[in-house]
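Note that the chains are named A, B, C, D, E and F in the order they appear, and that numbering of residues resets to 1 at the start of each chain.
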Amino acid sequence: MNNMQTKPGALSNDMMFMLDPLLRQALQEDIGSGDLTTTTIIPEDALGEAVIVANEGGVVAGGPIAIRLFQLFDPELTIQIFKHDGEAVRSGETLMTLHGRVRSILTVERVALNFLMRLSGIATATHELVSCIAGTHARIADTRKTMPLFRVLDKYAVRMGGGINHRFGLYDAILIKDNHLAYAGSIQKAVQLARRHAPHLVPIEVEVEQLEDIPEVIASGADAVLFDNMPPNVLTRAVEAVDGRLTTEASGGITKENIRAVAESGVDIISVGNLTHSVRALDISLDLHL
Amino acid sequence: MNNMQTKPGALSNDMMFMLDPLLRQALQEDIGSGDLTTTTIIPEDALGEAVIVANEGGVVAGGPIAIRLFQLFDPELTIQIFKHDGEAVRSGETLMTLHGRVRSILTVERVALNFLMRLSGIATATHELVSCIAGTHARIADTRKTMPLFRVLDKYAVRMGGGINHRFGLYDAILIKDNHLAYAGSIQKAVQLARRHAPHLVPIEVEVEQLEDIPEVIASGADAVLFDNMPPNVLTRAVEAVDGRLTTEASGGITKENIRAVAESGVDIISVGNLTHSVRALDISLDLHL
Amino acid sequence: MNNMQTKPGALSNDMMFMLDPLLRQALQEDIGSGDLTTTTIIPEDALGEAVIVANEGGVVAGGPIAIRLFQLFDPELTIQIFKHDGEAVRSGETLMTLHGRVRSILTVERVALNFLMRLSGIATATHELVSCIAGTHARIADTRKTMPLFRVLDKYAVRMGGGINHRFGLYDAILIKDNHLAYAGSIQKAVQLARRHAPHLVPIEVEVEQLEDIPEVIASGADAVLFDNMPPNVLTRAVEAVDGRLTTEASGGITKENIRAVAESGVDIISVGNLTHSVRALDISLDLHL
Amino acid sequence: MNNMQTKPGALSNDMMFMLDPLLRQALQEDIGSGDLTTTTIIPEDALGEAVIVANEGGVVAGGPIAIRLFQLFDPELTIQIFKHDGEAVRSGETLMTLHGRVRSILTVERVALNFLMRLSGIATATHELVSCIAGTHARIADTRKTMPLFRVLDKYAVRMGGGINHRFGLYDAILIKDNHLAYAGSIQKAVQLARRHAPHLVPIEVEVEQLEDIPEVIASGADAVLFDNMPPNVLTRAVEAVDGRLTTEASGGITKENIRAVAESGVDIISVGNLTHSVRALDISLDLHL
Amino acid sequence: MNNMQTKPGALSNDMMFMLDPLLRQALQEDIGSGDLTTTTIIPEDALGEAVIVANEGGVVAGGPIAIRLFQLFDPELTIQIFKHDGEAVRSGETLMTLHGRVRSILTVERVALNFLMRLSGIATATHELVSCIAGTHARIADTRKTMPLFRVLDKYAVRMGGGINHRFGLYDAILIKDNHLAYAGSIQKAVQLARRHAPHLVPIEVEVEQLEDIPEVIASGADAVLFDNMPPNVLTRAVEAVDGRLTTEASGGITKENIRAVAESGVDIISVGNLTHSVRALDISLDLHL
Amino acid sequence: MNNMQTKPGALSNDMMFMLDPLLRQALQEDIGSGDLTTTTIIPEDALGEAVIVANEGGVVAGGPIAIRLFQLFDPELTIQIFKHDGEAVRSGETLMTLHGRVRSILTVERVALNFLMRLSGIATATHELVSCIAGTHARIADTRKTMPLFRVLDKYAVRMGGGINHRFGLYDAILIKDNHLAYAGSIQKAVQLARRHAPHLVPIEVEVEQLEDIPEVIASGADAVLFDNMPPNVLTRAVEAVDGRLTTEASGGITKENIRAVAESGVDIISVGNLTHSVRALDISLDLHL
């Protein structure tokens, strides 16, 4: 607990409280009827020290999750953290050290690394995109294309990489796409239905594919507009048409190559699915010192 | 059910039985207190038809999972499958069609695609490696570096791409690494301890880093030997030293570029962590036809 | 299923999907190791017909929940619904009829009525307040003072009574109260912190206790302002000060007697805790016809 | 733990053990993907003190539940209790004080108060009825018309208000009503069936609507008789007819106005559904001291 | 469903409703990451017929449990039952036949038999004791020495063998033993405390070890008295001392050899722990016909 | 924790981690809505000491399970262990002592003893068979005929009695029986299918009923052969035919009388279903000292 950082957006006590049952399940998936290698070969009272080390540079995320996994399994392990979530790490640097029962360290190792490697991979990729658009007004956001059952973690990793979060699910924001519009008849009517029947504070965003729809979105009382798959030059005109009356978001076909041009359109938010659906894990390993 | 293929290794009834609770949880994660967009805008009795289409070529995996998610949420949806798991798909081809309540299709869409895109991404990447080593004796295997809580699915996708499965957890095979050896004193003693205390049928594999250790592994009565991070030329000598008396496995630092050389060493198994820890999702989308 | 109504806001398939595990638990709480009275006295094959009748007038809510409880326990029961959720019912009118195994009807009866009586009580009380302010601009909203584990149901009942829903939890909207302000230093800083670290679409509401704070709330970029415990005449001046730039909400000390005066202040939303924390159940009973 | 009172009937360790999973779920319902207000505005290391205060007079119940909720979320909170469950409290009096992380206090506040206000409301209402019949032989009992999933708590609150508990579910006592009698043919046969097939120690109560049935109930070997909706004068004759050979219970249409007359009939038990189905929450709030 | 018998005490719908989650878990325990033998060797579409046969004589119990396990896994299996629970079976007789997917039959076989063999073993042993005391007034009862998580099933099997059920847990009856008496000071005080604080209908039984205590038990208002480990001749005097004023129960050291002498003491109930703590499974097997 | 023994095969931390949820459920099954006897009669602050004593000789197993149950319910109990799992105990010897709240000891007593008595019964019976074959090459193994949901415990008890474990479920080894052979066409084809589609390290065992099949099993590449129900003299010839090329196992009809003859055939493994399906509980009780 005392190892957790205190900056806003960090992995907070309430997230831990929610995640505990799933973290237990993740351990149970790997342990099954027992860790045969460890329990047959390592003496129960063997104590040791391990370091978790980055084998390549990046941005760390998931440290408190790894710690929690070790401590759920063995509350007597002591862990010292050297790189907090959101910090940069270089190849060879130590993220944390662990002292205690060797059995516990070896049994939890793989599951802890699976989380740490994925989340650090997300934070690193987010950070790269954030760097690409440095100096522009735009911010990088995630999507709902996340690891099932662990969306809060994927989105947390995006925050640690310097990004921000889009809606967490179908329940906390309304995003009206072409299919919904087809059933409502018009943007105006769709927003009206949503406003009337949803909780009164819920934000409403409308996805548009052509510039001509922008005035109707503004008139509808929506809070935000999503431009899907627009090339940067069209996006610039779209942002001008909105003129600050709505939050603007660009999405679709974003790459490291074109993201700066997208950001320079003046759009507020750039949301990127592959931050979480196509993660390259950061190479991190655990070394046991006898 | 009648849409499932019957070849061995396919997603079977027993896997479905085990996965159901987790698939429900995955839907619940996204739905939360309700799908605000769909329930406020789409009439409850609106019926429609949707197609799930590949936007790039690859190998499909996860079709029955997507179907199950839709049917768990709404058993009245009818779904027709055009590409079975394990089949190649080209860009633009239809994987399946759905008929039924539009609300149900839209509410489940994202979670179904999240699974389908990841699993097809794994199958596609596995298939690429399998193609790289065509004609050799070697087979591609996965590791335990998988999506927490969904290891059986990640490993299933590897099978659909033509790979085979390594152990499913800490419970179904013994893999003795350097840390274990350090506590046991010798390969001989480690294997002896494992044989004495583990269930008598459990397979035992020993990881070695130098050729000199091979005779001791053979003498120990282990079933398999894992060569970690050996260059192809050393690997060739290692395989010769084993001379068919153990299953041989190569692991570590495998890339598309060097995998053929690794396979040509004569090794039985090549296990590749990034098949499942660094997945590029296959681009798949759902289109609703009004 | 075919008994469900289709107006927006009604109890939708996605809510049912989420509630099923809790409804099962509610039945299990009552059944325990078995319904001793029914299983020892009523023959297993006895069939019968029952009616669920209102013993006083009100607005119905929870019909689909009652149906679902009966059908979770015994899918072969056939149920016909006469009063849909949101409809007015007079004393003596039938809400629904059930046909099937007598054992099933008697075992589920109490749990089904417990939900139906509470939810109809909430809808009825909401409807009374809505009637009190008919013709004004204001709308009645609920709070988070709800039945633990069944918040979505309490809030659904409020909708059925003509009210609207405030946030569903701590996760889907930000409500900054005096305690938060004390830590942030100022309204301006509190809203700034929330905007920077929360998902970008999340709505922000600020609670104020004095008129002087209104300009700062407007300047802060908040979306809504909550006036806590203000008498109607002060509220009128508060609403004028906001002048449509924010959603306005009144809360605290609302009674049937003063609510019209509150509404006539021009406030947008009146939120009422006792709609859900102090429910008078509507008197509803089940009669079995042999 | 050391704050719990020791009188019999108090909230015991075994109840806590059973309730923990549900209390966690209640917190999870409110927290969802995270407490956005608290985690973005309140520093993680901010410490503070809070008091929980009654805003009106009544009888307290649920203190240990509130404490447990706070400590499940944050075991480092220290809590001092001033009013134990079952004690009377006056408006303005402090129930307990909390010291520790401000974030924890604010995140748990609403759920803790939701339980505390409901349970104290039940205890208070029970106590009022108990006072109404002071000096008579009768005792006030609850029913199964309780908050789903939290019946043990509702019934606990009734005990704290001076009442006693009726059966906890369908499994721990037999209550034969008209419907059951119709299938059995006679009181005699119904009791006989129940005796033969239920566990031999299970108590059997029979509901009667007319005085003529009393001799048959006595002859049947039942343990108790329930008089449903009988006016006090008829009840008096019923109690006389039983003459101490059975436990007698009155139920139905009980109000603060008529309960003394009912009690003076000499009946042993008066069971009152609205103690738990129509609860007026006691007004209790939490104040944070910076 | 249509295969279930209708006699009172039989495995009823409400028990099934409660057991389903545990039966699923029991299947999941055996299936784990998949039934490797069946899914690799048996074609998915292979259909077959199986019989479940008794290999020795006894009393059947658990048929509906076995059926439920098969149908939870594969609802398309059709099953015909030939011996209902509670019926005698001779060696070689068929209990039920199954038709459908061979994979489903083989995957569920072991778990279904594990339940069926245990429960039939309990029913058979109970029936033997019941036969031993035929013609006496006494009845055979079970205890709480049951298979963890499946007490309702063990007790059901006792009923199927002709026995009756003692309390189901710590919650539905009070059994005052010497330890409780020591803390209360006297039988009188212990019963008084229990009567005052427990639900008013709960039965109270007191365990005594010497005849001198019987008058105090009768005076205390207890409902039943348990004679622990009394030899038959002392038991006869104990029953005489009670003289019908309490239910009498004998327990401890009961064997097939001495049970008739115990029963002839006139005691009402003989409770036998080894009916459920030391079960000899009835030999039952499944044969597949190709 | 510090009470646990350290020999390999002992109840390890990873097993405890997996079992905790089930142990909680086992307690909840017995406690239900509360332990009425204890909470009404024993003061909450009463402290006491208890001993757990063997009433007959045997081999202990389940001590750490009993301890865990007590500590899950009341972490403040202190427990001292005198007989570790796997040790012999004589009648009258103390297994462990407990100090702490009397209520906690009495509430958990029955569930703790239910586990301890069963597991010690299994260990004792296993030890008896192990003694019968002392000096031979053979080892005693268990089967999948175990207590549902607690297979890891039953198998642990077998280890504590000196036996070894067969596969833990359908997922960690392949056992090809006659039914599978019938579908595959031949032993050769069945083993081939299993090898091709199962994880490459999974062991394969083939059951044969006649000596003629042995050469085909050897040729098939299987790892082990199971001789079902063969008399000792035939078994001797079978073992000779295998001549050390496969692990050999005998099963079916094993009794204390014939097991030595079976072992002297030279077979490697003798698996015995009734070790776990027909358990005689070891007589163990808890005595409270005031």
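Details
Basically, a contact is a pair of C-beta atoms (placed from the backbone, for glycine too) under 8 Å apart; a residue touches a chain by one contact, two chains touch by 3 or more.
All of these numbers come straight from a predicted model, not from anything done at the bench.
Over half of the residue-numbered contact pairs of D-E are shared by just one pair in B-E, B-C or A-C, which is A-C. Rotation angle for the C-alpha superposition of subunit B on subunit E: 120 degrees, rounded in steps of 5.
Mean C-alpha positions place subunit E and subunit F at a centre distance of 23 Å. Per-chain Cα centroids separate subunit B from subunit F by 33 Å.
Computed from the mean C-alpha positions, the centre of subunit A lies at a distance of 52 Å from the centre of subunit E. For subunit B, residues touching at least two other chains, in rising order: 8-9, 14, 31-35, 38-41, 43, 107, 151, 168-173, 193, 196-199, 202.
On the side of subunit C, the complex with subunit A involves touching residues 8-9, 14, 139, 141, 159, 164-168, 170-173, 193, 196-203, 205, 223-224, 247, 268-269. Contacts from subunit F toward subunit D in the complex involve residues 24, 27-28, 31-35, 38-41, 43-45, 73-74, 76, 101, 103-104, 107. Listed in rising order, the residues of subunit C touching subunit D in the complex are 22, 25-26, 29-43, 46, 102, 106-107, 110-111, 113-115, 117-118, 121, 144-151, 168-176, 179-180, 182-184, 190, 193-194, 196-199, 202, 274, 277-281, 288, 290. Residues of subunit E touching subunit C in their complex: 1, 4-6, 8-10, 12-15, 17-18, 151-152, 168-169, 172.
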